[in-house]
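Pasting a structure below so you can have a look.
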Amino acid sequence: MGHALKWWQTIKISWSNHTAYRMNFFLQVIGPALVFFFVKYNLWSSIYSDESVEIIKGYTLSQMIDYHVWAMIVGLLAKGHSALNLSEDIRLGRISNFLIYPFNFWEFHTASFLSFQILQTIIVSISICIFWSLGILSIPSASILMSGFLYCLFVSCFWYTLQYLTGLVGFWLEETWILRVILEILTAFLSGAIIPLELYPKWFVSILEWTPFPYLTYFPIKTFMGQNSELIASYSVVTIWIIIFCFINHIIWKRGIKLYTGAGM
Amino acid sequence: MKNLKQTIFYYLKVYEKFVSTSISVGVSFRTSFTLLLLMDLFFYFSTLLSVNFIYDHIQMIGPWDKNHLLFFISFMLGIDHLHMTLVSESFWELSHSIRTGDLDFALIKPANSVFSVFFRYFRPSTIINIFVVWTFIIYYGIQVKLEPLSWVLLPFLMFLGFFLFVVIEFNIAASMFWLKEGLGINFLRMQLQQLARWPNFIYASIARKFLTVCLPILLVGSGPIHFLYDYGKWPLILSMVAASIVFLFILKFVWRSALRHYNSASS
Amino acid sequence: MKKTVIYSQKLEKKFTSYKKEPGLLGSLKSLFVRNYITKKAVKDFNLDIKQGEIIGLLGPNGAGKTTLMKMFTGIVVPSEGTLKILGYTPSERDRLFRKKIALVMGQKSQLWWDIPAMDSFLLLQRFYEIEESQFQKRIKTMSELLDVDDLLHIHVRKLSLGERMKMELMASLIHSPEIIFLDEPTIGLDLISQENIRNFIKEYHQKNKCTIIVTSHYMADVQALCERLVLIFDGEKTFDGPLSKFETILGKEKNVTFNFSSPQDPTLDLWSSFEAQWDSHKIQVDLRIPEDKLRSVALNIIKDFPVTEFNTEKMPIERVMKTLMKNPQIVKQLNGNNGPHELNGRN
């Protein structure tokens, strides 16, 4: 009971941190997603405006736009969180506090992640309503929408373990933001966030299927569009990746903390 | 005239030290140095490949075929490269130094504060990527059969585009003084870069007008490239010059009031 | 009559911030509505400082010292009033003005963390256009005075706090400024380092005849360096006068402490007339004795009681400062008695 209270309190505190600089939050989290969508909306509208183009790899214009709206939603819901605070805690030596507190480092950051996800869920729900009422987004059915939400929240846990890893590297590296940007660039390109994976060369996609990337954007989008027939497989694959990265993080943390307490930096 | 020469000389000498101190710092962190280099390479390749993949299924986007667009993209990567090397780090440092109050030290130095704020940090690692970027530019330049005069003008136009873009960015960055937490503004800047990285004709007319006239970031790349493909489009270059001057003037006022507003993070 | 280098009249600075209610609801609310509050960090501040003075600017945390320093250096723009430094208006940030001032902040660093201090000095040389021979000479004299000549080429992050502070001082003084603002230059340093920094400042001042404004919470700094003190409470100037005058604003009595070999009777008349403060074992007493009676009273006590040790207070300003900080209203009362505006020792 006491422990649950700590979690709740931490969630509340990080909520205030997220909302303290309102302008900032908008520009950092929501703005980029909107602009990214805006560019792709214009790009594809312009491509389809050519009369010879009607269907590209099974996508009509409105399906293509749907894909990109969902890509934005998935980006916010599954891949919004960043481990900036985590790496700062390590770099600036605030980690020492956690060695004394009766609340673990990972618990603190996971609580902070949870509060971020609550905020994102609210924002995403509003966004979906707006895009739907503007008529640029078609929603197959309420149950498919729910299933997409659930899958995204599950994927967000995987994203969190990846982010956590980039943060932990702070034990060794001065500037972990570079790793996070690399992760972002690679996922945007390899997960189908820039263009649908159907448009990629066949051989390229068959390699990608062995990596976790498609599960970060492409499969969640397909779930929202009601086209993911292998939902159970999608969940299982993500589960396996989560377990793998939790394990890696655990080992990295152990090594890092040894270095930290040993060197007393 | 002599005065101007002295001033230029003064700033060059200070800048030389900015560069040399940045290099000493940059090379002392070897992992970051390498990762930064890789980061840009990933970015270049993913951008170019994405466009390539789209053209696997279509012939034209607007008036441009694959090579036309890829030359444009390479040109924008060239500007991005200049940006990453010369100014990018300073923007991030600015938001940090406003929050911590370290900006105080920059402000009491006897040099123009726009200069010492925005050109303070030079990224030595990204300079190496110049070979990669220019390989793309030259390759696609040959593909689109640029004329000899265009090749000569190319570096100047790239610099003009870069200049216009950073002057607009300086104006935007000045708003960090009011927001206290400037990280968001840096994300806003990056969004503008994102918008400018695509040719102007893909945007719907209202957006295009706004981003050409009011906030002329679409001129940055589309101006020079349209001109290089068709010299009849010289008014675009003229408007870039005009826009640069206008935004330089605006900066003068914006910066002054930003400094007036600066309440350094005091103890 | 020396010329005035710092002059302010009715100087004022306002800051605005907003209040946030605690908790989730408060955060949500602050997304939309904010209650802004204005605070005057400095108000109605008049000051006149002559060339070559060393002034101690004292006050509790948050009294407005740093804001004042930042207005003097042109970093923060005053909301109202006149401010002239060396004839310049600091907020106009004239290039020549900036060449003549220096700011050292004990809590911040202008040196680059990841390179040796010398590299930062070389950059400053370019900034201030210092001739090579002059530059070398200044580096040499200062590094010898501070005893850091072997540290110039070591990465700043590897230096101790005391060593780094010395480098900060060098960095700020490399252009021979006419006015030096030192904001808590000894904060966080050990006793020896504090003393080193103090001695350096003192020596530097004697050699260069510059004007120095220093803030510090360590009364030892103030005692050693400053001839004149300016006290600021809650943004207002409450005292401005020589150190000697400040020491006696609570009365001309001396504080004397006596230790005895055996417990004494604290009820004697002798003690009560000198505001005696006893320890719990009754073997130590603090007395406040008027200056003119000090000799006779002390002699009597030594003669009549088993005194093992006695001493007079080393740093009366520390006691005065403590008393004033605990009871800021005392200053107001004293001001009420002494004049309409402020306790001004100079008039």
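Every chain is named by a letter (A, B and C) in the order it is written, and numbering of its residues begins at 1.
In this section, a contact is a pair of C-beta atoms (placed from the backbone, for glycine too) under 8 Å apart; a residue touches a chain by one contact, two chains touch by 3 or more.
Since the model is a prediction, treat every value here as computed from it, not as a measurement.
With centres computed as the average of Cα coordinates, no chain lies farther from chain B than C.
This structure's chain pair with the greatest number of C-beta contacts is A-B. With centres taken as mean Cα positions, chain C sits 45 Å from chain B.
Here the spacing of chain A and chain C, counted between their Cα centres, is 51 Å. Centre-to-centre separation of chain A and chain B, using mean CA positions: 28 Å. None of the residues of chain C touches two or more other chains. Multi-chain contact residues of chain A (touching two or more other chains) are absent.
Among all residues of chain B, those that touch two or more other chains are 29. On the side of chain A, the complex with chain B involves touching residues 21, 23-28, 31-32, 35-36, 38-39, 42-43, 45-47, 50, 52-53, 56-57, 172-175, 178-179, 181-182, 185-186, 188-189, 194-195, 199-201.
Contact residues of chain B toward chain C in the complex are 10, 13-14, 16-18, 20-21, 24-25, 28-29, 100-102, 104-105, 107-111, 113, 259-260, 262-264, 266-267.
Contacts from chain B toward chain A in the complex involve residues 29, 31-32, 35-36, 38-39, 42-43, 46, 49-50, 53-54, 56-62, 179-181, 183-185, 187-188, 190-191, 194-195, 198, 201-204, 207.
Residues of chain C touching chain B in their complex: 15, 41, 61-62, 66-67, 70, 73-77, 91, 93, 95-96, 98-99, 101-103, 105, 107-110, 112, 114-115, 119-120, 122-123, 126-129.
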